[in-house]
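Below you'll find the structure, written out as structure tokens, and then a few comments.
Letters A, B, C and D name the chains as they come in the text, with residue numbers starting at 1 for each one.
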Amino acid sequence: MNNSGEIQDLRAQLIEKYTAIRRFTEQLCEPLEKEDFVVQSMPDVSPTRWHLAHTAWFFETFILKPKLTDYETPNELYNYLFNSYYNAVGEQFTRAERGHLSRPTVDEVFAYRHHVDHEIIRLFETLDEHKISELESIFVLGLHHEQQHQELMLTDIKHVFFQNPIYPAYVEVESAKSIDNYQELSWTSFDGGQVQHGFSGSEFSFDNETPRHDVLIQPFELGNRLVTNREYLSFIKDGGYNQPALWLSDGWALINKEGWIAPLYWLHEENQWFEFTLSGLVPLNLDSPVTHLSYYEADAYANWCGARLPSEHEWEYAAQNLRIDGNFVQTQRYHPAPAEPATVSQLSQMFGDVWEWTRSPYTPYPGFKSASGAVGEYNGKFMSSQIVLRGGSCVSSSDHLRSTYRNFFYPHSRWQFMGIRLARDV
Amino acid sequence: MNNSGEIQDLRAQLIEKYTAIRRFTEQLCEPLEKEDFVVQSMPDVSPTRWHLAHTAWFFETFILKPKLTDYETPNELYNYLFNSYYNAVGEQFTRAERGHLSRPTVDEVFAYRHHVDHEIIRLFETLDEHKISELESIFVLGLHHEQQHQELMLTDIKHVFFQNPIYPAYVEVESAKSIDNYQELSWTSFDGGQVQHGFSGSEFSFDNETPRHDVLIQPFELGNRLVTNREYLSFIKDGGYNQPALWLSDGWALINKEGWIAPLYWLHEENQWFEFTLSGLVPLNLDSPVTHLSYYEADAYANWCGARLPSEHEWEYAAQNLRIDGNFVQTQRYHPAPAEPATVSQLSQMFGDVWEWTRSPYTPYPGFKSASGAVGEYNGKFMSSQIVLRGGSCVSSSDHLRSTYRNFFYPHSRWQFMGIRLARDV
Amino acid sequence: MNNSGEIQDLRAQLIEKYTAIRRFTEQLCEPLEKEDFVVQSMPDVSPTRWHLAHTAWFFETFILKPKLTDYETPNELYNYLFNSYYNAVGEQFTRAERGHLSRPTVDEVFAYRHHVDHEIIRLFETLDEHKISELESIFVLGLHHEQQHQELMLTDIKHVFFQNPIYPAYVEVESAKSIDNYQELSWTSFDGGQVQHGFSGSEFSFDNETPRHDVLIQPFELGNRLVTNREYLSFIKDGGYNQPALWLSDGWALINKEGWIAPLYWLHEENQWFEFTLSGLVPLNLDSPVTHLSYYEADAYANWCGARLPSEHEWEYAAQNLRIDGNFVQTQRYHPAPAEPATVSQLSQMFGDVWEWTRSPYTPYPGFKSASGAVGEYNGKFMSSQIVLRGGSCVSSSDHLRSTYRNFFYPHSRWQFMGIRLARDV
Amino acid sequence: MNNSGEIQDLRAQLIEKYTAIRRFTEQLCEPLEKEDFVVQSMPDVSPTRWHLAHTAWFFETFILKPKLTDYETPNELYNYLFNSYYNAVGEQFTRAERGHLSRPTVDEVFAYRHHVDHEIIRLFETLDEHKISELESIFVLGLHHEQQHQELMLTDIKHVFFQNPIYPAYVEVESAKSIDNYQELSWTSFDGGQVQHGFSGSEFSFDNETPRHDVLIQPFELGNRLVTNREYLSFIKDGGYNQPALWLSDGWALINKEGWIAPLYWLHEENQWFEFTLSGLVPLNLDSPVTHLSYYEADAYANWCGARLPSEHEWEYAAQNLRIDGNFVQTQRYHPAPAEPATVSQLSQMFGDVWEWTRSPYTPYPGFKSASGAVGEYNGKFMSSQIVLRGGSCVSSSDHLRSTYRNFFYPHSRWQFMGIRLARDV
């Protein structure tokens, strides 16, 4: 049997996928002015120019430098400037000071990307089938890495624009309509039992989704839709931010220190609530899913309801057979939207709209091993003090997501599209 | 059937236990000078005088004020000064500033304690059997609370004394001897399976140990003794603190920011390692269990060994049938000691010596409910960003411990007697 | 001519003075509990036990160690623990952590003092006349140094007690009475011209008061009494703390950052103003001089009045022929008091009550040279970013003051007895 | 007599001056990329786009809005975004976050400038002679304000570029040559006496230079040239940064906290000293004036030499009759340069090259009154905790300087072109 056709297909398929994903990154930059690429509004945020260069650096560092003998980098300092956190490949420029850099310029960064693109294609065109197959896993990791940064580019530029009292819009998208007589939250029950959890299969997954293993789940119910702004506003109006009994101790300390009284992008002006979106400042849509809140706020809200957040096991169990369907970056809304009224009597909005806080700390699965080599730093070393989120958001690519996908952030983080789905014991 | 004898027993038994535990708190203060009671060396540490008053406040607030109609507090401000974190019973004086207070004086604090003792006994002597039985659970909680603070008094005064270049000793105890030909670490295997985890029964437990529930455990091995100073020193000498690949990302950032190169109380002077103990500064005993290190250091050490930390499920499963035997506060060593050579071929040192870092974040058990009322703030609200430790230490009371006992601290904490037991997959 | 009589007198006189001043330090401690000696409520404040030991250390370090051949210190570490800032005689324990120390105990500190006292007297009794005369200047410096710390002991313990919601009193002194029909502020005019400024003479002065030199003073007027609480309250009620135009830029930033709306020890409760004093919390006496405010507040108040603060040249020129008379520590009020109505039509309260903020930055006089040796670190090295205050306070010793005396603090400091005398151009 | 010719001259002259100065601001931006305009590398630094907009805002706010009835601003928010610190005209966007803004874009900022330019000229063309004459003083203040920001644009972009390990050059200028046998420092003597100090006259000066008044100056000598890198390097090599006796107490604390061991832009690599300049990183020219050091370093250096810094009175007295000649921004070197060997036997480099730290705190002259209205906030409110510098720098415009000009910075500041001229008593 001859598999050169397959390999040919693999080569073509990888290059096609590469080209599409890399191009999409640049499409996302089209609405930006050059000045926008430079700003870092807090240490968690990176300037757009850094994301663009870092994703090129990833392919350069883990593929071109080791595999393309005559590869030449445009600038030896890029390895220092655009390495995020891979200690095994060298020191890194201080993360919190990425916004202190104006050079290389945006044009130079795009030239760097195109240089890398050109060299990647040159490499692939000369590799034999065996070599291509060997490279596939790191290459596909690079593409998923790029998609992660596409999402971060949007959430980061949103944070950047929010600092500006002009409230610039990334794009003008019409806001979702409010919905008359939006349904009360209903619930779907699950029996639980001893079930398989985590990824196994030949497709791509991140290392942190493996190994697949058994877990015990007790019977539970999941809310059929995301918690809405209307519901969260009731919590606020009921004094939710003033009742310590609802809060984790760390959360109570945090909201008091920071003076938080609402989700990150909410503004109360002239007796009306507004929300900053990638389309600028708009009146709060009461039927849209609440978003940009911390784990502490999600947990306090759930307590106030007499419910709780789901564990990541429960969430994955409920999601395992669902289609990956919903409001993603491809929808070009760049904001969560109300579930279709027709669908909310069943489990809806599981993928897209907002990342859903679980109650599960981000820890290794039993038997987890990091990948060997520098990419072993990808996930495992962050397994402390963070919380798992599931499902993807309105700025995720749908083909980047899986039911086993584990996103993770510190419990105080709010600048991603994070939201709430409730769970409860039966 | 008449149970008045039982109640008589219960009354007598509770008062006897109360008297013994309360007296022990004060015995622990005997080596201290008045000045020692005042100092707070960091926000996590409380002055001894605060511990003494807070434990009296607990009985006053949760028993005397609600149950003894004519109870009079010596000073209405004590509720503000000596409430730790119970928002339901009022505001609290700022924790980090407890060391800014010199009044009430130590004598006044002891008088407060004796006032509370007197009133508790007066209350108990007048209560009928039914009332005593109703009070039992909060009363016994108060006693366990007191025992927790006994331990904190010792770990806190150790931290206070360590700030002082005079290196005062709490008591002069002869150091444990080094042991010739100390055995290599050996391992005990466990099959795992679906097992019961957590507390159930009629004896006392904290709410966070319940409900008892099923968990799945995969086969594992546990190190038969604690990691020693000698072993940890090998890690240091091998450059353990300079190899980012061994560390969680948060840990690597922390040790670099703080300049940590060894456990908290280690000092390197004139080419020799010393350790600050409650008996002052002494040469490091290489065979004693390593202690006073963070979760990050414990985890990095385990990585360096090719092992890992146990989960709390594994630990509890291994400990469930063991006698609570070991080096506790009653031993009056106030420092971990080498396991007896005869015992280290089996699982030893599971209780006492040092709290053992697990790899388990501190989260609620499935179906966990906090107690109702103010004491519901006891444990549940701390269930974020902390890590479970198991087994008790050389300054715990043995009758305070259980195999299901869950202690918890932030991963950066080092001032408790924390140490390492290794685990590994089979 | 034989001057042995004189020397005999000098020896006796120095020992008498030494004994009196050293004893007074200890008398000031009589109202304190042992616990009070330990607390450091902010980095600027030192624990009482530190003041007691440091003033002994001064005589030990600059007299006993260099001059008494067989002198033995009780503890070699005291040189590290009780050196304030003299780099030439060794390193210093971190200032901000003085409150982390409980040992040596208060009793041990007193024993240290008495050891030094004993040795000082032994030294003096054996020195010949020439040697005594050589030592006089450093010895008298030590006595003035001791008096400075007597004042600091009182201002520091006031700050310590203020942290405590019990508001302990140092001593119970009856508050000054309010005065009916207290006089409007009147002014005394001065012609100015080219005048002599600074100290010259054979009596003691600090190095920073020299050399005496010519200065030019333009005609000016000085307020005849200190600004009162009543007047300062009018400034507050007129929105003084909300009008940026009245404030230096640094001051405006500071009051907004710190949330200052009144002097340090003022409390507004149930619609009434109280003031914390060394006799505890008392209703604000409207006729007493306002005190415990920063340079920025003093300057803003003066702007609000259309006046200004005096320069140190103006103040000294006005004070040069006045008797050092007023409300000092000997009065045992420990608080500023209204000027006698009879006197306020002339320049009154120039000495005592409160240190008066001048508008003069603390800089070297033309031709200033620091003393040689370690005591050269006494004053000169602080000549940046501080402001001169003049006149002494209600907790200064009268025999410690002079018209040429320059006290100095950072413009944000408030915990000393600082107040306001107005000046204006003619 | 008809003075319409004069007014015609005044109008033409003001517009000509305006046009030239405003154009020069924009010329200074020509070497920059758009990305460079955005970055704020520390709170003291402002982004170039902010300087450009703020200087337009000044003319808009103090001239166009009050005087041009039909004036329309491009954006009402500019008053909030581009007001620096004038509380009287409204609130200000947080200074430390100017680098968080990318909009208005650079093009929009230039359009704002050109809008203001157009309207200023329209205003002037319609004003009658009387009105022009009334406006002259605020208008000329605006021009001097613009020149101050021209200097800041260069010092700020230098700081921005220094953060970048690429070390971008603003322009490529050939470095000054080293000079063989550079002369030892020689001195010029001055008699002093009672002299006039400060500005008087009909030309422009800032309010802080007035009123002219008498001061007493004692005989002194001034170093004939600036201290060189060679000399400062000797101080470093002699352990200057390790000898506390040379330093003010605040300075000693600062250099230890910050780890300073050399001036701001010095780098020691491979056993050689480099200096970052507006032409990039170059080997240290030993004969050039040392620059970018704090007051504390200047003062410590002077102590090390047995000299001192001059007072501002001494400096002005020595400079009063000198021509304003030297190395200014017009020279287009953008870096201090060695004095011509021929000139250094006399007082040289008094103007240009570097701002010279004096020993004089920045305080009001006797009788000083701030201008009325919002521009009264220009200088007076900064008169605390700063130090006067004199003479101008290599990035000052020569027609912006005067012998009475008082620049001022905090003693820790280093990012301006600050240097050292020595003085000593006779």
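Note that contacts are C-beta pairs under 8 Å (C-beta built on N, C-alpha and C of every residue); 3 or more make two chains touch, one makes a residue touch a chain.
Just so it is clear, the model here is predicted, and its values are computed rather than measured.
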For this session: Please identify each chain that touches subunit C as well as subunit D.
Result: none
Exercise. Counting in whole Å, what is the centre-to-centre distance of subunit A and subunit B, each centre being its mean C-alpha position?
Worked result: 39
For this session: Could you please state the distance in Å, as a whole number, between where the Cα atoms of subunit A are centred and where those of subunit D are centred?
Result: 47
Problem set entry | Computed distance of Cα centres, subunit D from subunit B, in Å | 60
Problem set entry | Junction residues of subunit A - those touching two or more other chains | none
For this session: Could you list each pair of chains that touch one another?
Result: A-B, A-D, B-C, C-D
Exercise. Which part of subunit C faces subunit B closely enough to touch in the complex?
Worked result: 33-39, 41, 49, 75, 77, 80-81, 93, 97, 99-106, 160, 163-166, 168
Seminar exercise, completed: Given the complex, residues on subunit C that touch subunit D span 85, 87-88, 194, 213-216, 218, 244-245, 247-252, 295-296, 299, 359-361, 363-364, 366-367, 376-377, 381-385, 411, 425
